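First chain written, first letter: the chains are A, B, C, D, E, F, G and H, and each begins at residue 1.
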Amino acid sequence: MNEILTAIIAKYNYWSFLILLLIGLHAMISKNNLVKKVIGMSIFQSAIILFYVSIGYKKGATIPITEHGHGHANEVVHQTAAEMVAGFANPLPHVLMLTAIVVGVGTLGVALALVQKIHRVYGTIEEDEILEKIKE
Amino acid sequence: MTWDASLLWQFDFLILLMVIICAVAALTFKDLITSAVVFGAYSFLMCLLWTEMLAVDVAFTEAAVGAGVSTVFFLGTALHIKRRAKD
Amino acid sequence: MEKYIICIGVALLILMLVTLVRVIRGPSTIDRLVGVNVIGTKSTILIIIMGTLLGRVEMYVDIALAYALLNFIASLAAARFFQRHREESVVDAPQRQEGPSC
Amino acid sequence: MKLLSLVISLTLGFLLLLATADLPDWGDPQSPASIHVSNYYIENSVEQTSVPNFVTSVLADYRGYDTMFETIVIFCAGITVLTILRRSHRQKKKEVRPRPAREGKDLILISAARIIAPMMQIFALYVVAHGHHSPGGGFQGGVILGSSFILLALAYDLETILKRLKERSVIIMSGIGVAIYMGIGMICLFLGGNFLDYSAWSSVLGVSAVEARSHGMLGVEIGVAVTVMYIMFSLYADLSSGGEMDEGL
Amino acid sequence: MLDFIVIVLLSAGILFFFGTINGLLRFPDFYTRMHAAGKGDTLSTVLILLGLALYSFHHPSVQDLLTGYKIIFIAVLIAIASPTATHALMDAGYESGIKPWGGETDSEEEVDK
Amino acid sequence: MYHLLMFILMMLFWILMSGKFDTFHLVLGAISSLIVAWSSTDLLFQDRGKSPAARASEAGRFVLYACWLFWQIVLANFHVIYLSLTPKPIKETLSPHIFNFKTTLKTDFARFVLANSITLTPGTVTIRVSEDIFVVHAITVKAAGDLEGGSISEMERRVAWVFEKREIGGA
Amino acid sequence: MATLPFPEAAPLLAILVSIAAIPLIVLSGSKPNLREFWTFLAGFIKLGLVLSMAGYILAGNTYTYELCKVLPGLSLKLTVDGFGMLFALVASTLWIVTSMYSIGYMRGLDEHAQTRYYSFFALALSATIGVAFSGNLLTMYLFYELLSLSTYPLVTHHQDQEARTGGRKYLTYLLSTSIGLALPAMLVTYALAGTLDFNVHGIFPAETAKSTLVILLIMFLYGFAKAGIMPFHSWLPGAMVAPTPVSALLHAVAVVKVGVFSIGRILTGIFGIDLLSTASLNVIVCVIAGFTVIVSSLIALSQDNLKRRLAFSTVGQLSYIILGIGLASQLGVIGGMSHIAMHAFGKITLFFCAGAIFVATGKKYISEMKGIGRRMPFTMAAFFVGALSVIGLPPGGGLITKLQMASGAMQADLLFVLVIYLVSSLLNAAYFFPIVYNAFFCTEEEAMFDKKVAEAPMLCVLPPVITAAISVGLFFFPGLFVDFARLMVTGL
Amino acid sequence: MIKEQLPILILAVPLLASFAITLFARKSKIAAFALLVGAMGMSFVFAIGVMRQILDTGRVIHYHIGNWQPPFGIELVIDHLNAMVLVLVSGAAFLTAIYSKNTVPAEVPYRFPGEEVPERVPNYYTLYALLVTGLLGIVATGDAFNMFVLLEISALSSYALLALGGGRAYFATFKYLIVGTIGACFYLLGVGYLYIKTGSLNMPDLKVILTSPALAESPTVMIAFMLIITGIWIKMAFFPLHGWLPNAYTYASTTTSCLVAPLMTKVSVYMMIRLMFSVFSAHYIFDRLGWQNGVVWLAAAAILFGSISALGQTNLKRMLCYIIVAEVGYMVGGVWLANADGLIGATYHILSDAMMTLCLFMAVGAVIYKTGDASLYAMRGIFRKMPVTSVVFVIGALAMIGIPPTCGFFSKWYLVSGAIEARHWGFAVALLISSLINAVIFFRIIEIGYFPLFDEQEGEGGHHAHDRAVIAEAPFSMLLPMVLTALSLIAIGLYSNEIITGLVGRTIPAGLL
């Protein structure tokens, strides 16, 4: 029991990422309303971003920006390479996720434009109603 | 692993809880405006989460994009479509 | 002192959680909006609190500033939605709906 | 459909659950992700590019190629939305939309927006310029810049702002933004470097190769900011007016 | 001394925030809730930010002074933005025709409409 | 003229935010300030009738006003806390009201300040400003009466003092 | 090999010459005489090229010309050997004759789209020669498919509902069998043997399982459905909707003979005669082919439409040839191969005659042809000679080869095949003689033609007479074709 | 100097063209068209240059962008396989660009009846150039994450291009967008799982790290592989995940379907091959995971499903779309047969199928352009009215059926011999059945085109009579690329041995030989 608890606590970020991912995926597939699908899509993407950002976290590290030149008590003066490495969070996942967020915005914009157009064509944005109208 | 998985684990738990509540709520509301607004709140909280995980740049971007612009986009779209969702 | 600030942060978060009740209960869209707006403002503070705790507050201030600005824009957009298009009702369309069952 | 999606989601969830047990502990500094490539950036970023913000140096230089395409994604999204939504101008003139009874102007909002918008702009420019030293950079700055115009559009209305920010200039300026990025990269070719190798600029700028990289990144960020600003505004304008470009939110 | 002021400011902020939330939850209609949110939110935020700004002056240096200044600037910004947002929301509700709770309205309202 | 003022203002703002005093960043700041001054001066300074000196004194008076306002905000919050925490049923404590009043303030900015001040002070929130009519929501009858009778004219007087440099009598 | 008596690329040229004629034919579409001049020119050049190689081949050589390598160990390759030469000679000779006949027939009936007709006709001939000169199975498959496709517009020349049905049937059978059976069999063969080049000793490695061989054999037999082995024969009567010259050349010569030739090639070049007899695979071939021979002859008896009767006769005769080759005895193979030529000349005469009758009288049915011999004596005489040749009676060339095949059966110790031969020849006689009898020997009252009916146009009558003459000539000088066939066997 | 920079120039030229069109050619359709064609042509020339370079030296080209060493910076890796696909993509894009001269101005600005939006044409060309850039980038890149970004670029621009079909295209595109995003996100997640275990994103580097035995056992790596492959399968419309494709491609405008339909799925297949053998290894996939049997059966099902569905369609484009679904089954099955022949077949099929599909879509597009009708009966009498188009169509159809000497035959040859070698009879039978069904499908159309007179549906076709009379051959700008494509089908077939030994065969991973 204790082990399970420890496992859960040690990786709780991954668990919550999983929950968000599944919420998003489920919404994307099963929601009838197109805007809901889009919201699900955004949640799905942000869940993945959460996962990546979690990779980049390091215990006891600080944000990946070094600053020289002004005395700050909390700032650790990093001398050796090893200290340097342990002292800063991993910047690579952050970079990747910046890109992913931007891609997400682009997709969101296009999706919403399409939703507007669909509404203009069919007068509804419920998937089942659209399918019925297509059949006619 | 011990409890000090993160320096600010207390924040972590609460924010994650709120994030999940917001995600479910945003998808459950039948009014699209409400969904959009709650989704905005979801983005706020996500941004907090990332700040807390030392990803300042990501948080900055999410603050700019998720909280601000994409909510506005959703609202702009809602203006041109039916507000009510079936599910 | 840091402990105290953590306590402040946790208190803020718990109060935000309570605000979420308003967001979810509604009853009207605009009530939820108010709740979201409050959550947004408080998130700004939380970012600075985190910065203080992590010792790099000068980096976090920019984010908080951007956050405050964009939160304002988001609230404004929602308000404008109802303000300018009076055919839109602030009550959940088309009739009042119960909150989510989560 | 619901059942199917539930099955898919749960299957995926189960599989990911399997993997979760195998993942390294959260925040472990010795996890493979934190020891292979990323350390190189942490160790060498300042010497090689003189940029203290590792995220910026990785974003704009080590992985600048990614970022170029990221900008192009935004550019592409802007053009897409514009092409899909926007209607012809001739059509627009004929169509008279019923205006709301009360004019949308609101004194309080306008006054607040007039104070806040210039501050947002200078702040956004600050964010762009200080991407090397603090969080932020071209993209975030660009979004805030764009948002300042969105704010004005919200407070006044879209038509007023479109007088300020010419409709045609939107697409041209966003093209110029991407072209700045691309151009900085392409000129490196003519200066004898590889694509996006900003150190090739050192001979032109008269600074050391490391400095040249730093300046090159700044130039690139400016390009990103220009594109993002215009595209964000254009996306707002198109989406909120349904492509009519008349009223907005 | 500085710490003491900071603690007082932060506590006051939380106190007012608590009041805000309480009002937000207990008040019967949208307008009254807006009262709570508009006033309490602004003040509590400003107070906490002031406290944090003061806290950052712990180690006086140019950089930290600037940081403190920026925090105060955020506070000012919120002090401008928050009532504006409150007003906008209020107006939105009024425009959409939400009736105030209690049914007592002035006759002037009809005049205005 | 105003552009120069704007430029100086923005440059000041930049320096305070940037915290970098090397030439490179200052030049960048100058360029940015120029851009903003070029594009947004007309936003910040719309009525150009006043001299910069007048503006400066205006700003000074505004700071004084802000201090007074801050105290009012604190009072307002105590009011809210009192209302929300009072053990009496809410029906008895609250008596919301919507009423109109007409202001004598001339400039938009002054009206804006007044409206926001009303929002932040006890018991009242501005709903709408159309020309010189303010639509105000008051949470209790007392607050409404207060505003109409005393404090509103008090506040209007102070705002007028700040921006229009004139004393207004009892409305 | 230092000096060849023909250009190095002669096999390729022989194939390409008719393709090269197509643009000329198309361009001169508005001038019929010029157009048909090109056709003839190409035909004569082709015949000349083929003949130029004949002497070299007869001397016992083979000639290989590699086009390009398309797969590892496999290239597009042209090989000229006895069997191929035999077939090429038959095809190119008959092209000239058929062209002549086509002119008469097409002009006589004033058919539409003649340019298209001549173009695809030329293309089909190229494909036929290509099959004849193929050096390996892949090349052969290529030209085989080309032939199927290029004959489709010819089969459906009339573009009416009937043509459509017939054409659909035609392609369905040919393509589905070639893709569904021949192609996989070819792939398996390639996988087993690593090559597809024809080799008289067979290409399968010694350790190949017999069951695999049996399956492959059956797949090949049915896969080349142009050979018309039952039950994949019914495209042939269906395709008789085509104009008669097409039926004549393509369904008596090119198409069906390509099928038979392909199967012959596979039996001799892929399996090898030794393997066929030692693994007693020849029994399987004989049973399948023999069944078709008997059944199709019986069906032919019941047909009233002349062209359909001829078609079923063809089905039978084709299996006859396969039977001969399938015996895997020396005489059988020689007989089978040379029967391709004999039957070609015989059967084309019959088709020409049927066409001439149609041109002259518009009659299609046998029961309507009583007394026609008096009105069209040359035509019917030629018909008679052709029938003799097909049945295997003197003075038709068919006798020689049939005898060879019969002795081949004895050589292979498969006596039931001999019975099949005999029964089949009897049935042949039974369905041909009544036509000839009715044509000539009926009373004046029974004759169904008035005096106005006379011979068909000159160009329609001359070709059957020529081919009939050749048939007779082959009886006296069978060596021309039999020698080529013998080359294949003596090579062993 | 230019020789070293060729790899980036292939990509940079279309990219530059897209900005140039927005900047300089917003007013003029012709200028936009000229810029596009010029850029595509240059890109094609550069791609051929790179291929020659690789053929001459026989070495893999590594181009370090920004002059950073590989695991830290992004590199372009171009080997024999890449070079071939680069030439294919740029060549097909070039041909389609020429083809678009008449179709785009005729279709794109007028999607709403009576409403012309002239800006849509330059925008269309911009998006076109961006799509091609994205595809070329996917092919050239050597970085797993970079591939995601480029995937999204090509996806976004293809959404735009498809949505420009108007009307029903919007909903179809929206579904494609949702499904495509799921696919891309799966891919991204898979890369994340790989990254968490290896710490690298560079493909060659990943391959080296993944050979360690500890990682081979790890379930994380397995899940990563699964996510990546599933994501790509969604993108390429592999059988159970194909639902979005037919609708999305059917309602698109002619040029769009000519560009998107042949290239998107092929590039996805390329991605799959690339990731399977350049990131993971044949040993890991086939020996340790051992899923090949199931996947090949799935591929067989895909082939049968696609072919049979195509049989039931009356809309020409839709029918071709289902054939694409079947063709995807060919390639996936070929790769997963786990032997050299299968892989060669699949890789060669990328080339041949892209050209085949291009050829057919172009021919069908020309018919639609002239008749304005996309149903099978649009083809009535086409042989007489549009002889060149119909000949091109027939050549494309023959290649699709697999008749030698067109390229379709040879790819099928390798695939079937791969199946025989793997003793996977089900797949071989499915391939043959699909060939037969293709034969039925195409000959039905050819028959309709060939017989002008007798139609069951003739009754209602009467009023078309007079406007059908004016139908003539398509304009030269459409004929030229069509004829070139058709010729290339035969050329690719005849030179298949050179292509396979020179390009395709060089990239067979060690585990399969």
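Keep in mind that, in the parts below, a contact is a pair of C-beta atoms (placed from the backbone, for glycine too) under 8 Å apart; a residue touches a chain by one contact, two chains touch by 3 or more.
Keep in mind that this is a model prediction, so the values were computed, not measured.
Asks: Taking contact as defined at the start, I'd like the list of chains shared as neighbours by chain B and chain F.
Replies: D
Asks: Quick check for you: compute each chain's CA centroid and the global CA centroid, then name the chain with the smallest gap between them.
Replies: Smallest offset from the overall C-alpha mean is found for H.
Asks: Mind checking the centre-to-centre distance between chain E and chain G? Centres are C-alpha means, answer in whole Å.
Replies: Those two chain centres are 99 Å apart.
Asks: On a C-alpha centroid basis, what's the spacing between chain C and chain D, in Å?
Replies: 24
Asks: Rounded to the nearest whole Å, what is the centre-to-centre distance of chain A and chain G, using the mean of the C-alpha atoms as each centre?
Replies: Distance between chain centres, rounded to whole Å: 72 Å.
Asks: Taking each chain's centre as the mean position of its Cα atoms, how many Å separate chain G from chain H?
Replies: That pair's centroid distance is 43 Å.
Asks: Which residue numbers or ranges of chain C touch two or more of the other chains?
Replies: 33, 35, 54, 58-59, 62-63, 65-66, 69-70, 72-73, 76-78, 80-81, 83, 85-86, 88
Asks: If you look at chain A, which of its residues touch at least two other chains?
Replies: Those would be 10, 12-13, 21, 25, 28, 54-65, 67, 72-73, 92-96, 98-99, 102-103, 105-107, 109-110, 112, 114-117, 120.
Asks: Using the touch rule from the top, collect the residues of chain C that touch chain A in their complex.
Replies: Residues 54-56, 58-59 of chain C touch chain A in their complex.
Asks: Contact residues on chain B for chain C in the complex?
Replies: Going by the criterion above, the answer is residues 7-8, 10-11, 14-15, 17-18, 21-22, 24-25, 28-31, 33-34, 36-38, 40-41, 44-45, 47-48, 51-52, 54, 56, 59-60, 63-64, 67-69, 71-72, 75-76, 78-79, 82-84.
Asks: For a test of understanding, state which residues of chain D touch chain E in their complex under the given definition.
Replies: Against chain E, chain D makes touches at 102, 106, 108-109, 112, 115-116, 119.
Asks: Under the touch definition given earlier, write down the residues of chain A that touch chain D in their complex.
Replies: So the residues of chain A in touch with chain D come to 7, 10-15, 18, 21-22, 25-26, 28-30, 54-61, 63-68, 81, 84-86, 88, 90-96, 98-99, 102-103, 105-107, 109-110, 112-114, 116-117, 120.
Asks: What part of chain E is in contact with chain D in the complex they form?
Replies: The contact residues of chain E facing chain D are 77, 80-81, 84, 87-88, 91, 95.
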